[in-house]
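The following pair of complexes shares a single chain, chain A, combined with chain B in the former and chain C in the latter.
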Partner chain A sequence: MSSAAVPTPSRLAGLPRWVAPAGVAVLFVAAYLVFRGTATLPHDKEAPQFLAVTELREWIDDHRNDNPLFLYFLNYIRLFVGSLYDLFETVLYGLGWPGITGIMGALAWLAGGWRIALLAVGGVSAFGVLGLWGSSVDTLALVAVAVLLSLAIGIPVGVWAGLSGRARRAITPVLDVMQIMPTFAYLAPLALFFHIGAPAGAIATMIYSIPPAIRITALAVSEVSPTAVEASASLGATRRQTLFKVYLPLARSTIALAINQTIMMALSMVVIANLISAPGLGGDIIRGLSRAQVGIMLPAGIAVVVMAVVLDRMMMALARRDPHAKLRRTDLAAAGVLAAAGLALIPVLPKVWPESLTINMVAEVNDAVHWAETNWYAVTTWIKDTTSHLLLNPLESLLTTAPWWLVALAVLAVAWRVSGARPALVALGCLLAIALLGVWEHTMQTMTTVAVAVLVTLVIGLLLGVAAARSPRWSAVQRPLLDAAQTMPAFVYLLPALALFGTTRFTAIFASVIYAVPPVVRLVEDGIKAVPATVVEAAASAGSTPGQLLWKVQLPMARQAILLAANQGIVMTLAMVVVGGLVGAGALGYDVVTGFSQRTDFGMGFVAGIATVLLGVMLDRITQGADRRPSPRKRKFT
Partner chain B sequence: MKIRLLAGLVVLGLAAVGCGGAKVDSGTTGSSAPAAGSSASASGAGTVKIAINPWVGYEASANVVAYLLKNELGYTVELPEIKEQLAWEGFETGDVDVIIENWGHPDLKKKFIDEKKVAQVAGSTGNKGVIGWYIPKWMADEHPDITDYKSLNKYASLFKTSESGDKGQLLFGDPSYVSNEEALIKNLKLNYKVVVGGSEAALIKSAQQAQEQKKPLLFYFWDPHWLFSKTDLVRVNLPAYTEGCDADPKKVACDYPEMDLDKIVSTKFAQTGGKAYELVKNFHWTNEDQNAVADDMTNNGMTGEQAAKKWVEANTAKWQAWIPK
Partner chain C sequence: MGVSPDNAAITVAGLWKIFGSKAQKVLDSEDRHLDPAALREKTGCTAAVRDVSFEVRPGEVFVVMGLSGSGKSTLVRCLTRLIEPTAGEIRIGGEDIRAASPARLREIRRHQVSMVFQHFGLLPHRKVIDNVAYGLEIQGTPKPARHARAAEILSLVGLDGYADAYPDQLSGGMQQRVGLARALAVEPEVMLFDEPFSALDPLIRRDMQAEVVRLHREVGKTMVFITHDLSEALKLGERIAIMRAGAIVQLGTAEELVGAPADDYVADFVRDVPRSHVLTLRWISRDPEPGESLDGPELPAGTLIKDALGAASASSRPIKVVDGGELVGVVDRVDLLAFLSGQAAA
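Let's turn to the complex of A and B:
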């Protein structure tokens, strides 16, 4: 270990590189100490920006039924989506549980054989067993409508973007922003234009789930081999024929992946859509939340996860199937039998799941949570209070008492250094816009929570990622867990956090850490594994200890991947911290929640939603240096 | 194919509404009319949607009415979880037929009853409601002057928590509750910060802990509530309520008034709800009735339906009077 103390020439040369940032940091600290408490922008619930939006909303409410824009355009969309939802709901309820089970089983069998069919039948029955048949069917109908509309719009747009480079360049930045937009940000504008209820919920879900549909379809189409296209063109195929006979069949399995991603996104939105009164499992989650009963939320959470897993496996099976293989006759027959059996049983069995077959675990779960609360109270409170006092509160008071221009300068400096000039200017622009919107203080508070959560996420992610990269056995244990974690809708992570920590800022931090750790671990692991074996061997043969190997070779060479992991971690954490407004995270997320609960605060919620988007773009730009900026080593040669 | 199907549906939708443009509520089928569309209904009487607001007293009333609608009149009842102010909007979209316990909301009454005419009052519930700031009794015993708002600042340091920073904490409930807290703190110049517990349950848990473990706590609460019969709480005296002192929400500097809680129904339900509407209109009980049902639901492990059944079986004379002839 002592050998590390020998100074090397490169290190001496590297010294000045550390001096400049340190000097700048000292300058910032000095400026903070001098100007602390001046030029702060405290939160004002009655800010004119908020009132203007609230007034706009009141005006829209009054003219929803006589303004031509609403009368002849927006209300028709609402009506159309609403009747589509009603149609699905009526059909699904008409099928009853025997019908739905049979048909889902049959579809699953066609997609991937008897195993998937078994999973589907079991999954659908689970909704009934959990006592959530009605809510699950509502959610299924909502997801179906949202996904159908997403695909109806997303796939054509995706194909267009895949075929035309110009279209792709125009659409990509929009999709980038859409993907870092927290789910909450979609709700207020939709409530404004489409009112509340199932149609508004379906539209919000559709918009949220459209980016992967477009993006992955575009990718699939652009990856179709040009020789195949040329061959078909030279054989005299029209453009239409080329599209339908060459592009789409060849891109089929990737498009199935796009559908899969769209469904997953839709499922994670469907719950939050309950804030604007969309029906379904979200209602049960919110009910549990407002009674502080994990026992009510857990079954609903499980039902959403089950739905996600069933649909995910069905679509993945479809994506993986060999496109040239014909369906075997036995499979067709089996699927037919399942569907027919389900349909035949509709008149015989009750449509609603029989209550005698449900398992009610509300009391048990509540008892378990209560037990954990009383027995772990000392530990959880200690963790919570220590984090709050040592990290959250000091950082929060630092950010809220610093003059706004100092924070802006700091953001500019950091972003410039990490990502370059253009992203830095974009980040600065976002921050200034936030200041103008009048939500500075709450944005600083949200940023504090995000910062602490990202810090914890990165520490855990690096540890687990390094462990996985160095021990294949550990990796093998960890990977299925990470896979499972990534298919779960975001809010599910709120449940254990809520059970352990009640409603505080720390709950949101805890939830966002478990939400963001899996992708970070994965990126770190892949980054370290991607270090060329020859380099590792060379270092090892030169006598490096495993510790030196890690610190001097593997981590520095995986820098790109680690920065990318930080970027991912920040975007995911922000999304979760905002949703954490539901469970005591306060600040921007809570403003959004309040905006829906109190009419007079609608404007504040709306503005807070915009601010979360700006904050997301800002944090993304600060850290995006990872994938877009060349590494310093390469830059020297350009 | 898919596009064509969608286009077809659009055309159908357009045709169904005619050419007069689409109103927000014209798509939803009259929910309380004999329900042809809702295949979930087992009986033929129709569906009633009673919004559920997030406090147990409300749920108690809603469950008793729902129980009677189901078992005495044969209606199907939906109990969607919709918060106070959104539920009023639900009258317009057809998502809500009944709010069974309304706490004031003069601004919403003006908008939805007087201006839009999509809702109307269906009489009092008989419950008297009052919101206030409370502390556990031991604090009032130790510091007799603490129940006066003027001395709250003196004790602010007692109420400090990790969430309130250097100010005292005023614990609030669900974000959707009726609230003057921010304005009161500002206008009475109190050195306090509103910390949102997020739910009724968080308030109850904190209140019980505060009294049992002698922890300081200042919190938002309301009567009728079963908690008052189990935990000793004392109300803090804010400047007394006078008529109109809460007219401007920004300038409120007085206590909450005692409110006569009432029922609000959608105009459509009032016109087409038939016996269901009559029952809702006739529903009238006391704070004790509500507390008994709420207590069963919270502390005796009963579901809303079970607690409602117990009350209904024990109080036949009362609810018989509500059933329309």
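Let's turn to the complex of A and C:
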């Protein structure tokens, strides 16, 4: 830095760069001190907005069978999805555990050989051993229906979006909104239109799991070599021939990833869909969560994780298989034998897993959790109280006692500065809508929790990401853990959180931190590693210390990736904090849960669901500046 | 060139391709005469092909050459409407391509015109033989017949024994042989080559050029060959069109381009060509001076200058340059030396 700074014309002469933002901040603080406690919007359980929605629900329930929209359209969808679910359930129950084990084993063998087959057989047996055979089969059927429907819609739409730039531009914003919507927000409107039960659960799951199916398929199709497509056209292939002989075969392995991602999303959603009475493992988990009984929830959680791991490994093996290799005859024979053995044993063995072979561990787990609670009480309480006193309480009282217009102005200013005018106006619009919906106070509380969780997530994520980028050994240790963490359905993270911290706000924070840290770490690590080696080499040859290299070269150049990580972290954290309503996080999440359990509070839950979406969109827009990708590469011929 | 449109293999007249949403408007206005940079600045449109006309004779190897961005790849794609031209006329075998329906266009692409691409465009999930048979497959040829044909073509391009390999197991040169075989397999009348060898190593490139010369001799197709490599153009092309900024600046034989460049751009291009390897005696012969002896060796006017050096060194008398038995002029050692030292401008 030279001492004689060159004055830039755009800046006020003689003032350092931080003066303007600092001045604005001081103005806000002054305004807060003057207007504190005025124009607040306290929560009212009986707000007219809530009552109106509750009345709408009553009206719909009364007219479900005579309103033409329901009679001729929505009810048919429900019936169709319902009968599909019944079909799967009947078939799966008809196969019984010998049949399911045999067929899953056979499919797994075909996908990836004996190792995967062993995993599948072991996994399916685990459902029985855990004493959850029935619920597992229900969950499997529900996932199957949701995934099938997602793919039936998602793959054609994805192919279309991949082929046509116009279709892609039309679909992308819809997918963006769908993906930042917290899972909870889907449920209330679906209950309104499709009632409750398995069909509504399957549809909710489908809506949640369809975006990756569309997005990844579109990506796969648009990445197909343009020369191959052109060569096919130059030989006179029709569009259909080029689609089936060039696009789809070349996109095959990426589409397998799309299917995998769809299955994983579906698995994490079927559990939450239990709130609208979808059957399956979700029941045990939600029951365990709401009673704070880790013992009830742990086996069901393990079963879901096992299901996720088995399906994930099968799909990944399929995606990774050498495209040129043909199935060997021995593999075919082995798979055939497994399937035949399973089918042959159906009449011999009992269809339902025998009671004597199950392990019941509710009491033991509850004891262990109790032990942990009492013995670690000092540590966990210290963490909890410190965070509450230092961060949560001051921030919450700041947001709830500040006048609403001051908060709105602050959001506008920050979003404008970070992301530009349009996102800022959208963010402001969302915030005003939240105020009009009558859930201001709870939204501010949720925002507090999200802010603290994001802060912690980013600190941990940056530390681990930087460590992994700098030490290959650390990265090698960390990668498989991150992979595993990202396969797991979201709510699983509530389990250890609940065991350690009981039902408090802090549980949600803890859970969302472990939920959101893996992707943040990965983005940061990849961002730093993506800094060109020549730049790093040049900096090193200029004599930079490792610290200088990090602060002056790697972090600034990875800025884009780090900001994207922050954006991702916020969206994921919000989703988890809302789910945390089940375990004492209060605020919006709790409103949503109450809306499902108490008929009279349906309106409040519904509105809170909408508010979480608005909050999600707002937080996304504020940080969106980071996510601006370069415009899609244009094809050009020389 | 004395070829009437009726028996030309390909006729292109007044062809334009302008990329951009306002293409038609640009074409109808005077803006179309702007140079490409100014046009993009003013309208956002890119004129890739500007008022191009040429004819290709049956069985001819016609080379289009230019630097990258000169519009040559767009031009070749316009011929079968892989890129839709903005205006102009295209006839292949007398048929109006621009008027063809999509179905008819597919028929033309299936049976009459095939193309070889710079980056091969092979299908990685198919074996070599299925790549070669792809064109026949989409025509609906049954498997045994198309495999038999594909095997035949594979041995023609020297890929015997690679039928069951996958493209990624082959070297770049071999992959392009597969691309060549795929284009040949449908027995087209016209073959289009879009810089087919520019992704290959120099040695392999030379092999492949020889391969094309050999194939042209054996199967006698009409070929349109796009390249940015002047030596490739001179080696392969019977006639060469030089493109710059979307327009053809000169069209002629190698000899005409080197001997009489139309403008500085072409002259700059051909500056480093060893002129004695391209020009013939016709370019340097002069009328005999009075008293000059006319009993020296006789050589046809089409002899390359480098090939005349042997005769000149064997005889001290001037070489008589004849065309069809008629004396065109004479060339002596001094003329040759002056030419070789670069002083004699043609």
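Operating definition for what follows: the second predicted complex is superposed on the first by the 598 of 638 C-alpha atoms of A that agree within 3 Å, B and C clash if a C-alpha of one lies under 4 Å from a C-alpha of the other, contacts with A are read in each partner's own complex, and residues count from 1 in each chain.
As a convention for this text, a residue touches a chain if its C-beta (ideal position, glycine included) is under 8 Å from a C-beta of that chain, and two chains touch if they have at least 3 such contacts.
Every value quoted in this text rests on a predicted model; they were computed, and no experiment measured them.
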| item | value |
| --- | --- |
| Touched partner set for A:Arg78, first chain B, second chain C, both or neither | first |
| Greater residue coverage of chain A in the superposed arrangement, chain B or chain C | B |
| Partner chain in contact with A:Ala233 - chain B first, chain C second, else both or neither | second |
| Which superposed partner A:Lys245 touches (first chain B, second chain C, both, neither) | second |
| Contacts of A:Val159 with chain B and chain C, given as first, second, both or neither | neither |
| First (chain B), second (chain C), both or neither touched by A:Asn393 | first |
| First (chain B), second (chain C), both or neither touched by A:Thr90 | first |
| Contacts of A:Ser225 with chain B and chain C, given as first, second, both or neither | second |
| Where chain A meets both chain C and chain B, residue numbers | none |
| Residue ranges of chain A in contact with chain B within the complex | 45-46, 61-62, 64-65, 68, 70-72, 75-76, 78-80, 82-84, 86, 90, 93-94, 134, 148, 151-152, 156, 195-199, 274, 276-277, 279, 283-284, 286-287, 289-293, 351-352, 363, 384-385, 388-389, 393, 397, 502-505, 582-584, 586, 590, 593-594, 596-600 |
| Chain A partner contacts - residues on chain B that touch it in the complex | 2-3, 6, 9-10, 12-14, 16-17, 21-24, 26-29, 37-40, 42, 52, 54, 56, 80-86, 89-90, 92-95, 107-108, 111, 115, 162-163, 165, 174-176, 179, 182, 196-202, 205, 249-250, 301 |
| Residues of chain A defined as touching chain C within the complex | 225, 227-238, 241, 245-246, 249-250, 252, 323-324, 637-638 |
| Touch list for chain C against partner chain A, complex | 48, 68-70, 72-74, 77, 80, 82-83, 105-111, 113-115, 117-126, 134-135, 137-139, 166, 179, 182, 186, 192 |
